[in-house]
Each structure stands twice: as structure tokens, then as C-alpha cells.
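Got some structures for you, see below.
Below, chain A partners chain B and then partners chain C, in two separate complexes.
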Partner chain A sequence: MKNRLKVLRAERDWSQAELAGRLDVSRQAVNAIETGKHDPSLPLAFRIARLFEMPIEEIFHDES
Partner chain B sequence: MTNPNTFQSEDEFSPKRYWIQLIIWSLCLTIPLGGLAVIAYAAGYYSATQSPTDLWIMLIGIPIVLISGYVLWRTMPDFTMGEPDTVRGRRIKWTTLGAGFLGGLTTIPLIDFENGGTLLFSNGSVPSTQAMFAMAMWAAILPVFIIIHRRNADEVAREANDFGFMVGFQSFSVIAPVWWIGWRGGLLPQPDVMLLFVTVLIIACAAIIWRRST
Partner chain C sequence: MADNTEPKDPLRYRAYYWLLNLSFVFALIGLAEHITSFIIDKSGFGLEGSANLIAQIIVNIFGYFLPFFLMVAKFMRDDYMEGLWKRTVVVLAYAVAISPMVFVLIAWGCELGLPHDSAAYSIWRKFYEPFITPGQRGDVIVSVAWKDYMWLFVFIFQFLRWRASR
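Right, the complex of A and B next:
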């Protein structure tokens, strides 16, 4: 699954650690999601969507 | 605000760079620590023999320890690995440290220092009070740390742990019966529970580290 997390983070000038702190996850988790190594669970995807005030489908895209 | 088009070039946290820095720093740490040990020995000999050589060793050693200690203090790596300071992260850090400390504390009474520390892995008998202490640590306190750690780990860490322990258990399900049958067939020495445990633990930890780094 692809996502726009890195771009959205850049638009807000947040570091990975800063975003991790806001989502209450580790920086490694943010990095894993950004690089597509980990697909977030639904609860975390909703937390991300709420933080960026966007629908989930505008942040995450199904590659198929 | 950072331009998303130029964001690719931002210098982000690099685990490889971090570990190289940490390893070099740890190796350099041996200079002041080793220096302190040499000074302490020299001071001991000097108080006993009044030898000028020991005095010179102390006079040269003290500034080396002070200067190298100051440089290392100023160049200390970021032990947080770039992680944010959160309540959840602090709980994980303290439970990890606590589990490591308790694990070490449990083994100390089992080590026979007078005979080269062979008692720990010897399978020999240990005094019942020491055995009870070790059993209480492993059976009662360590599980509490494990539960706290598990509840505070985020989903990426939890997934890596699940993968690591799955690999560990699958290794166990191969190694243990093969060793046992091999022993019964006279091909291998008698299975050793502690050796099996340590082997499986190393395999599980290696799998967790691999999963988290890929």
C-alpha cells in the first residue's frame, strides 16, 4: 500500500520523531509506514487521518 | 515550511550511521575506563612500594582520563535513536532495562566466582535459597515486565516481536526433538535445557532485529 505520509509530514515541517510523538508510536514505526514496509492497522490509520484532518483514502492508496 | 519537492534531500535519522557512531564511541570509552583501572592499580602499587614509575603512570594517566572523558562526554551519541520522548516510550525503556537488570541479578548468585564461574551453566546443584530467588524472579517479576512491555509496544514493534518469537519457537520445535532423538540414538550428547533456551533466545532476538531493520 502506498501513502502520502512523508509529503504530508513535509508540508507541516514535522520530523519523523515529531509525527511519531503526535501519533504515540515509535519513530521506527513512522519510518516503516512511510517506506511501505508496514501497513498500519485500521485504528492507527484512523489516528493518522484524524491528525492530518483528511479521509483515510486521501492518505493511503491501494496499489492494485 | 519545507517544500515537499525538496524534502527527499532532508537529512533524516540513519540507523546505520547511528550504530557506527555508537560502536566507535563505545570503543573509545575503553580509554578513560581502562585509564582509570591503570591509575587505580598504579596508586595501589605506589602506596605499597613508593615506586617513581607508578607515580609517573598516575601523572600521565590522570590528564589522559580527564581529557578523553571530557571529549567522550561532549560527543556522546543520541541514545534515544531519534525516538520521541513519550510516556509509552519511557515505559518500554524502563521495563527493558528492568528486565535486563533482573536477568543479570538472577544469575549473580548462581555464578561460582571462586571456581571460575562454572556453576552458572554447569547443571550442578545450587543452594535452595538462591534457587528460590532465581525462580521468583523468572516466574513472578519477569512476566510483569513482559506484559508491560507488550502493552506499550507499538504495532510495528509488536509485529517484529511476534515474528521473532515465532521463528524462535519453530527453531525450538526442530532443534529440541532432533537433539533428543540424536541423544537416544547415541549420536549426540544429552540435551541441555539451558543451552537450548539460550540458543532459541539468540535466534528469536536475531529474527526480531532483522525484522525491525528491514
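Right, the complex of A and C next:
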């Protein structure tokens, strides 16, 4: 699954560690999601959507 | 003065990786001791008396009980670690399902393929005999299987973590 997390984070000038702190996950989790190595769970996807005040489908895209 | 330090991950997440690394090291030590006990026919860590007992207790705590704790400590895992944990458990489930068949294949391979007067065959028999000895205590078999699964959990988790980091 592709996502715009890195772009959205950069727009707010947040580091991975800062975003991780806001989402209560580890920096490795943010890095893994940004690089497409980890698809977040639904609860985390909702937390991300709430944090960026966007619908989930504007952040995450199904590659198929 | 501006604070430029990067915020650190919560302690529980960092601690999970520290403890996992620690249990990995002690699982390797335990595995090495287990293998060498079959090869040189001497168990223990090359220490004498109570020092050997203390070493055994330390290896048991960090090599077996710590992985068990890490297996159930959901509160120490974030979303990413939980994903790794789930993949680890899936591989572990496959391993549990396939291990009896692999064990039978290895047993047949060793019994038919190894010369019965060879050193390799005597090492194999030392490993195999507890499983086929009539009256073998069930708790011994269960504890061996439990230790193996704890090792497997740590090794699989570390492997998946290493692979994901590449």
C-alpha cells in the first residue's frame, strides 16, 4: 500500500521521531510505514488520519 | 536556548528491543550449550559447582523466560512491532505444524543414512533416545519442546526484524 505520510510530515516540518511521538509509536514504525515495509493497522491509520485532519483514503492508496 | 534534541521513543518500546536482543544472545548461548552437550557429552558451561548452576539459572531466565515474557508483553509493542510479532507467530505456527514431519524425516535419514558405528550416529542417538525411551518423563519432553519454541520465537523475530531493516 502506498501512502503520502512522508510528504505530509515534510509539509509540517516534523521529523520522524516527532511524528512517532504524536502517534505514540516508535520512530521505526513511522519509517517502516513511510518506506512501505509496514501497513499500519486500522486503529493507527485512523490516528494518522485524525492527526493530519484528512480522510484515510487521501493518505493511503491501494496499489491494486 | 532551543532544544534541538530528537524526542526518544517511549521507554517501553526501546526496552522491548533491548530485551529481545538480550534474549537472543542468551538463546544462542543456550543453544550452543545444548549442541555441545551432545557432541562432547558434557552439559553445563565449563564452570564448576555453584558457578555452573548460577550460569544455568541466568541462561534459563534470559534465554527462555524472557522470550515468554516478550511473547505476551503486548503493552511493550507498538503497531510496527505488533506486525512483526504477528508474522513471527505465523511462521512459528507453520514450524509447529511441520516439525513432527521434519523430525520423522531426520530420524529416518539418520537411522538409514548414518553408519551405526560412526560418531555422528552416536550423537544422533543421544539426541533421539529420550524421545523413544519407554517411560520417559513427559515433563522432560514438554520442557525440551517449550525451550525449542522459545528459541524459535526469538530467532524468527530477530530474523524478520533484520530483514525488515534492509
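Basically, the second predicted complex is superposed on the first by the 64 of 64 C-alpha atoms of A that agree within 3 Å, B and C clash if a C-alpha of one lies under 4 Å from a C-alpha of the other, contacts with A are read in each partner's own complex, and residues count from 1 in each chain.
Methods note: contacts are C-beta pairs under 8 Å (C-beta built on N, C-alpha and C of every residue); 3 or more make two chains touch, one makes a residue touch a chain.
Keep in mind it's a predicted model, so treat the numbers as computed, not measured.
Between chain B and chain C, B contacts the larger number of chain A residues. When the shared chain is aligned, chain B comes close enough to touch A:Ala10, but chain C does not. Within chain A, the residues touched by chain B in the first complex and by chain C in the second are 15, 17-18, 20-21, 24-29, 32-33, 37-38, 40-41, 44. Contacts from chain A toward chain B in the complex involve residues 6-7, 10-13, 15-18, 20-21, 24-29, 31-33, 37-38, 40-41, 44. Interface residues of chain C, counted against chain A in their complex, comprise 6-10, 13-14, 78-83, 164. The touching residues of chain A, counted against chain C in their complex, run 15, 17-18, 20-21, 24-29, 32-33, 37-41, 43-44. Within the complex formed with chain A, the residues of chain B that make contact are 1-4, 7, 10, 12-13, 81-86, 88-89, 154-157, 159, 212, 214.
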